[in-house]
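See structure below.
Which chain is which? They are A, B, C, D, E, F, G and H, in the order written, and residues in each are numbered from 1.
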Amino acid sequence: LRTGFPEVIWGPGKTPEQIIQIMTTMARHSPVVMATRIEPAIAEQLEAEISSLIYYPTARICVLQTGELPSQGTGVVSILTAGTADLPVAEEAAITAQFCGFQTQRLWDVGVAGIHRLLSHRDLLSKADVIIVVAGMEGALPSVVAGMVDCPVIGVPTSVGYGTSFGGVAPLLTMLNSCATGIGVVNIDNGFGAAILAGQIIRTARRISSR
Amino acid sequence: LRTGFPEVIWGPGKTPEQIIQIMTTMARHSPVVMATRIEPAIAEQLEAEISSLIYYPTARICVLQTGELPSQGTGVVSILTAGTADLPVAEEAAITAQFCGFQTQRLWDVGVAGIHRLLSHRDLLSKADVIIVVAGMEGALPSVVAGMVDCPVIGVPTSVGYGTSFGGVAPLLTMLNSCATGIGVVNIDNGFGAAILAGQIIRTARRISSR
Amino acid sequence: LRTGFPEVIWGPGKTPEQIIQIMTTMARHSPVVMATRIEPAIAEQLEAEISSLIYYPTARICVLQTGELPSQGTGVVSILTAGTADLPVAEEAAITAQFCGFQTQRLWDVGVAGIHRLLSHRDLLSKADVIIVVAGMEGALPSVVAGMVDCPVIGVPTSVGYGTSFGGVAPLLTMLNSCATGIGVVNIDNGFGAAILAGQIIRTARRISSR
Amino acid sequence: LRTGFPEVIWGPGKTPEQIIQIMTTMARHSPVVMATRIEPAIAEQLEAEISSLIYYPTARICVLQTGELPSQGTGVVSILTAGTADLPVAEEAAITAQFCGFQTQRLWDVGVAGIHRLLSHRDLLSKADVIIVVAGMEGALPSVVAGMVDCPVIGVPTSVGYGTSFGGVAPLLTMLNSCATGIGVVNIDNGFGAAILAGQIIRTARRISSR
Amino acid sequence: LRTGFPEVIWGPGKTPEQIIQIMTTMARHSPVVMATRIEPAIAEQLEAEISSLIYYPTARICVLQTGELPSQGTGVVSILTAGTADLPVAEEAAITAQFCGFQTQRLWDVGVAGIHRLLSHRDLLSKADVIIVVAGMEGALPSVVAGMVDCPVIGVPTSVGYGTSFGGVAPLLTMLNSCATGIGVVNIDNGFGAAILAGQIIRTARRISSR
Amino acid sequence: LRTGFPEVIWGPGKTPEQIIQIMTTMARHSPVVMATRIEPAIAEQLEAEISSLIYYPTARICVLQTGELPSQGTGVVSILTAGTADLPVAEEAAITAQFCGFQTQRLWDVGVAGIHRLLSHRDLLSKADVIIVVAGMEGALPSVVAGMVDCPVIGVPTSVGYGTSFGGVAPLLTMLNSCATGIGVVNIDNGFGAAILAGQIIRTARRISSR
Amino acid sequence: LRTGFPEVIWGPGKTPEQIIQIMTTMARHSPVVMATRIEPAIAEQLEAEISSLIYYPTARICVLQTGELPSQGTGVVSILTAGTADLPVAEEAAITAQFCGFQTQRLWDVGVAGIHRLLSHRDLLSKADVIIVVAGMEGALPSVVAGMVDCPVIGVPTSVGYGTSFGGVAPLLTMLNSCATGIGVVNIDNGFGAAILAGQIIRTARRISSR
Amino acid sequence: LRTGFPEVIWGPGKTPEQIIQIMTTMARHSPVVMATRIEPAIAEQLEAEISSLIYYPTARICVLQTGELPSQGTGVVSILTAGTADLPVAEEAAITAQFCGFQTQRLWDVGVAGIHRLLSHRDLLSKADVIIVVAGMEGALPSVVAGMVDCPVIGVPTSVGYGTSFGGVAPLLTMLNSCATGIGVVNIDNGFGAAILAGQIIRTARRISSR
């Protein structure tokens, strides 16, 4: 556990047997082992074999926890979504952040087409340390959020949408072209990656203050 | 003047001589003749030949007015830009709308990265009949505006930006994928087309009320 | 019902339970609640739970009507298709417009490869207040229609086609590049959005003419 | 002169010296030698060296004719454009067809946004043997024409347009996706290739009818 | 039967009931009615209802012939494929051409990676009146064929391939960029369209010779 | 100076007069005003008017400093480039970071094709608080760096390259698809945005550690 | 067996019957016949008919060996993967190379996000004659490997990934834009083609030394 | 000179002063120093400063040779072009190969549209050790060549073409999708990279045969 983060297995393209084997091996040295992108049918097979395994269906994550979570201090990772269809990606981020030992705060369904809802949470946002903004379709939420806060924003485009959303390319381009500053973007649907980046940002605090 | 709109010439790829010839010919039957996308150097040559010609440099439009503007009634076309670099496209829309006989209202530089500026104009927006929203880079402004108003919004993506803006593709996709309803989109940089569509919308009022 | 339009739920990615829950909750305050993009199998489950629910299979829309439709006055929304395969998108537009309280007029299968059919409906077109033109494959119909009428045209590209239609990109580009003026374009297959935009246009017209 | 067509040199990327050398060499064996895509400045240099050379500025073609044109019989190649900006490509086709010995018929500016102009030429079209249709922007003209005639139609997309025309990709896709049958498409701006294909079609017809 | 060609129905997106209804209606006035892109399971249902219907499984075409084929004279349509996987598209072209009344000649599996096979058929090619060349993957066959013959070549890119073939885009681009002249290109997998274009070319002969 | 960062003007599309006017106005309230993407010829004009203006030619940034730099504490922003052609983008980041008050550390020319050079700087990297990695062509450097360190990495793809680099799309995709975790990506060539994001990260760290 | 390589059938789009027929026919003249891209269900059917057939499930290859492998001398083909999900493509390469008679050496899971693992195999790499590097996602491994060795490197991008990997386009672009020299790239997932190219490279040795 | 190849500088984006400085520094340790992509105007400036520098204008390469070329033994690098416009890229490959110490053989203008010319050089091809095939437009030449020979083929797509060649994407895709085996592809216009890969292939051959 060089990085102080859980071991994480990328599920797609692995058989249940392989996943079980890797997770149990890793669990010998690591207090938390996660597997991402696990469909319900696969999860059932894993749960049948590893009784202590917990499955988070929206996040599509399996967690095998055999020890204490690492302690990551006081920073909070806020996670926002534009729409409810973005939830699986947002929960992938949230669950990952939690099992990395970070405090999380969720705010769902604050897309820019109804800007008043977002504005009514201004206080909450201004207290955030790092904000993960998950949005599909036009993906405009990170721009508005980054313009309202001073902390780093991580944009996660999702493949939610149809037609010219091109599987998430539209929100990705929106985020990369944002006029607002302070936004870093990750791959389409990459909730996991956003959580780890958020974690690295918060841990920078510890490193700096320990000097 | 079948449509009650001025005759409009598309400037690119025409020589000054050709433009002069077409404009003067059209001016015999049409009180207003416009030429769009005219660069300053060409405009100078046209002005030297046609003394009554007026050039709007930001809009890059030449107008030859020999009669009265058509009267289009009470509707107002509001034109918004996200940034100052979007001005040429916005002015192309505004000048076109004016010479079609419509009242216009301009609101510049209300991009979503500083959402408070837009919100401070809430009143103005709620009184609009049709709103043309001109935006490059991430092009998120039409989504926010359409969510705030009940009138039709015309999104005009611009080629302002660099890198992944891909000459206007990024804001185009943003507008097409908007979660807000009531948005019609035109070609990249097509301020002229937006103005004509806005005009058609306002004229629908006359047609309906004259029944 | 701030906008005077029905509440509308986007179906994809929601479970039948979620849809039922949202629709019944909304129906307490809204005389009409719609859910779009509902596949037949899902619709059956919804109908089993909500007896008064009506399913429009071609439009793939479920409607829960508990009160009177809003009255939207005299304007007519005309809906045209290029081919029969465009029908689901066209019906999504038509049913949406109807439950928003607008009068609709349908004209199917008037694609440009047999221009005489379209021309034989010239009268009908000239009486329209706003025209929604639904077309896949080459998507040329909005151009021809917009050249024949003076009212606003809403172009809806569809994903009907194969090979280089690229899931609707070909007709989308055709519509955005139209030489005819007065066309606003919406996302591929977005019949719903076209109907709402058409509605906004007619309501703006009414608002103006009532001044 | 295996094919009975003139020798043709592709101008771009060749120095005036190289073009002169190749043309004069070829002229020893071939009654007609052409060079395409020749800019005016280059053409002037060629004319200074080869006095009998003729330059067609709109078509950007230089012709060195030292003998009689091949005789190609009775078929007529009709060439149509949607707009005036498509002329250079159309003239490239027309001049090429003429120097291959074919009769040509030109019809400019009959784009689909003003369908009545095209319809008024119905007779002319119905007498054509092969029709080259040159169109940029939305490129919808070949679809309408092919629906009106029974002869083969060759679609030539042009790079005329801006924004989402993507240098001719939009009209190319329109033509490839045409619902009308009987259309073969060539590369963007490839007037030359369209003329040769038209010529092959007429010659095949002659070959068949002479059996 | 204005064009002297069979009536043809595009199968995708139609129910068996709809196809049966349309085919039997059309068969009252047309000696040959075809339906393309019919999968085997659908074909079985059609055959159960219309006993005289014939299904061509490789071509995925159903034919309902109630009268004599139109007579189209002496021209021959040659059809070539690069590989065996291109057969369904090639047979779509061949069966269509046959039921339009044209003579056909098939030559399979003469791709450019084994150029000797193609060269051994030089004689056959030089006698062709119009050649349909069907090729996926790199799609280079039309270039080589067009360089060997003087008759028109119709390029049909197929979606055969993987990775960077991008569903047929790779062979499409190859054909559009061909250095050989005399090639017209149709949409990816459009065997039907190629056959009709070939037919129009051959019929041009009749029109010319009848003058 | 809400954010504690300098005011920054985006130079492209502004006249020298406009830039001078905006900078001098802003300088009344802000100790540091910057203008980015300023070409040398423009910079000369600015320097002629504002004597205290300093131009950084590689970074293409003009700075007007009238007060003290904000103090940002101890965190260090490290900036790496893959090749020397990436320098302008890297310097845009470095100069921006410096005038925001951050300490910077530069490391040029450590691209992955000569991995030993990067490895020899392992110590330097492990001490970084946030690393900006600037890379064009294949853009693989952020992946390798992020695998070596525990701090956040900001990937800046550049338009350096040719052919299939597609103006920076190739390195952008590389960075978004990185198997290494902890990378946030900004727009192509957006050195400025990377610096501001790096600054936000360090300031969030400080904010957390000061609780 | 002109090339001294086995006969190889491309499985997709062929029925089990066709594959059996082709393999048994070819086996009369060729000591080794292979079929690639064979799914397990199809393989089972083939094994039921041809008892001596061997199926390599990871490589998805069936081999029918009836004689001795060709002898290809001393060169070694090394095959590397970035991740475990790249295994099927890597095994397609490895099995193909082996049945062409080449010695192979496998090295799995040495992606650049954990560069130390690759570096620990420096010795092994420096002894390679030709290296096939299989990588999906960001596809950066060939760059690093080519920078470490003097022998030719064959880059095989895989479709492993999601979002902006675009089915393998991201690693393909990475490999084509590599700053390291000595890399030749093959189609996405084309392990077979990489093996044959590697074989041709090694056989060049024999040709040169036999002069 | 670890690799036994000359030091090579990539010219674009470097000032003449920088190039001179780097070349003269490198020349102290390396018998041959090359700079690629040098435009004539720059070359003149370099020649004025370094008298012994030689400029190859078609290849756009400057060479500073201060010692003997490395000796690379017997293998021959053959370089083919499809058309004359591909010459600059082909010469970049040829000059690079020569100054790496390899024997080269040039064959220009053997594109597939006139296949007979290529076939007449069958003997020459069959004697090659490695063949670099340079082709723009449709880029089909490598496929045909690879089908005729047993040695490795390196495909170099060029940006020669217009319209749908998309700056070399069309020939790139053709080469990647080739049905012929034994082709490795490099970046568009990358003659230099092709030469180095060819060199690595020949050196690997020598290494193997010297065991």
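Assume a residue touches a chain if its C-beta (ideal position, glycine included) is under 8 Å from a C-beta of that chain, and two chains touch if they have at least 3 such contacts.
Computed from a prediction, not measured in an experiment: that's the story for all the values here.
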- line: More contacting C-beta pairs: A-C or F-G? The answer is F-G
Numbering shared by both copies at the chain F-chain A contact, with half separating same from different: same
- request: Return the distance between the CA-based centres of chain C and chain E, expressed in whole Å.
  value: 36
- line: chain D to chain F, mean C-alpha position gap in Å, rounds to 51
Message: I'd like the Å distance between the centres of chain E and chain H, where a centre is the mean of that chain's Cα atoms.
response: 42
Query: In chain H, what residues contact two or more other chains?
result: 163-164, 169, 172, 176-177, 181, 187-188
Query: Name the touching chain pairs, please: which are they?
result: A-B, A-C, A-F, A-G, B-C, B-D, B-F, C-D, C-E, D-E, D-H, E-G, E-H, F-G, F-H, G-H
Residue ranges of chain B touching chain F (in the complex, touch as defined): 84-85, 160, 162-164
- request: Note which residues of chain F are touching chain B in the complex, please.
  value: 10, 12-14, 157, 159, 167-169, 172, 187-190
- line: Listed in rising order, the residues of chain G that touch chain H in the complex are 3-4, 73-75, 129-130, 150-152, 154, 172, 176-177, 181-188, 192-193, 196-197, 200-209, 211
Query: Touching chain H in the complex: which residues of chain E?
result: 82-83, 111-115, 119, 137-140, 143-144, 146-148, 161, 163-166, 169-171, 173-181
